[in-house]
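Once you've had a glance at the structure underneath, I'll fire off some questions.
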Amino acid sequence: MGAIDRVASLQGGIVQLNAEYARVIDDDRLEEWPDFFAEACVYTITSIDNHRRGMPVGLMYADSKGMLHDRVTALRKANIYERQAYRHLIGLPAILGEDERGVRVETPFLVVRIMRDGRTDLFATGRYLDVIAETAGALRFRERVVVCDSSRVDTLLALPL
Amino acid sequence: MGAIDRVASLQGGIVQLNAEYARVIDDDRLEEWPDFFAEACVYTITSIDNHRRGMPVGLMYADSKGMLHDRVTALRKANIYERQAYRHLIGLPAILGEDERGVRVETPFLVVRIMRDGRTDLFATGRYLDVIAETAGALRFRERVVVCDSSRVDTLLALPL
Amino acid sequence: MGAIDRVASLQGGIVQLNAEYARVIDDDRLEEWPDFFAEACVYTITSIDNHRRGMPVGLMYADSKGMLHDRVTALRKANIYERQAYRHLIGLPAILGEDERGVRVETPFLVVRIMRDGRTDLFATGRYLDVIAETAGALRFRERVVVCDSSRVDTLLALPL
């Protein structure tokens, strides 16, 4: 039961981690986004259909912090953020368990997209499947699999979710 | 003040209860949905207009766990889940008080519907009016009245909210 | 570190404050809305574009509790609430710091609008930039700057966000 108690005490930290994660994306501080991940990490965006089929690679795939930085550089060059912004609403995390890699957590999300001209639409919903571990005194994602509810997201996808 | 302290300490548990409740619906594990209710329970979906008029029965009504199981069986036969899925975003619970039946809680929600072809729309918003009690060491709904903000929901309604 | 500990202990209270704030607006108990503010307060609604330019006055501006009461009286006379209602989904607060005025907090929000005929739309998203202080044993807003993500909100704006 000691492990379960420890997991429970992590909940406040996980909530803060998600709140900060959403802020760096929505505030256009993308350069800080990779800092939420461990050096060796997996970040991937997929759809529920691909995820159910066990397909390994989705709409976007990175397996190191360096690849996340590269992604940000590419987005800046393409001026993606000039044309749109996101607003994340992240739900309450369900802590599913813990193993030697970290704590496994599932958290629902909803992302609204705001275009430069003010048009607003419901861009994506889904859930984060995370493995979270403490490194150097802070919680970091070892794995964040973003499972979108709709397979229609892909063609529009630009910014991190 | 002892009762109020106890209510406050329940808040973490109520948040977890709602997170798990949303997951079984959104993950298509409908058969587990009745387990969130006490044996003798009330589950009803209504609109704010009906609720204000004090109308007793809404769009859906069940007063036992058995009726909830019957509802799931009917949904499976109709293959409702083949055609659509939900994503719940459940807000923060406001604890309103406590009496001999349990803790009275009000919690806002938003449900997005994802159709099989990927179309996504804002399906329903509203609030849960709950009576929650501890039975056999777990929090369970003795009463969950789902008050939808819009009276337009009814004709489309299929899955539990 | 004592200040940081105190800030952390405020988080539960801030969550409750936001939950209650949303309820008085969404339940059409507008007359209670000014009570969430200190006597000397700032409440303003602005857009991200105006906010970035440091423009002092936005779509709505009040610098006392009395002005908030006046606003409610005007809304009642115009029968705004007869025609529409809101549903707030308020995200998790990020506590940014504390100074002599109070605790600085940033919290994302999403507001859905429900028209009298049942039509529902995503009305506004954005974030609250707050200064929150304890007065007479309760947490109150000294400052609530509502920064809307879209500049399209203004022409439709009626109720408090």
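Each chain carries a letter (A, B and C) given by its place in the written order, and its residues are counted from 1.
Please note the rule applied: a contact is a pair of C-beta atoms (placed from the backbone, for glycine too) under 8 Å apart; a residue touches a chain by one contact, two chains touch by 3 or more.
Not measured: the values here are computed from a predicted model.
In the CA-based superposition of subunit B onto subunit C, the rotation angle is 120 degrees, rounded to steps of 5. Looking at which positions face the partner, subunit A and subunit C present mostly different ones, since fewer than half of the interface numbers are shared.
As a whole-number value, the distance joining the C-alpha centres of subunit A and subunit C reads 27 Å. The set of subunit B residues touching two or more other chains comprises 89, 110, 122.
Listed in rising order, the residues of subunit A touching subunit C in the complex are 12, 15-16, 18-20, 22-23, 26, 85, 87-90, 110, 112, 114, 117-122.
Against subunit C, the residues of subunit B that register as touching in their complex are 11, 48, 89, 91-94, 106, 108, 110, 122, 124-127, 149-152.
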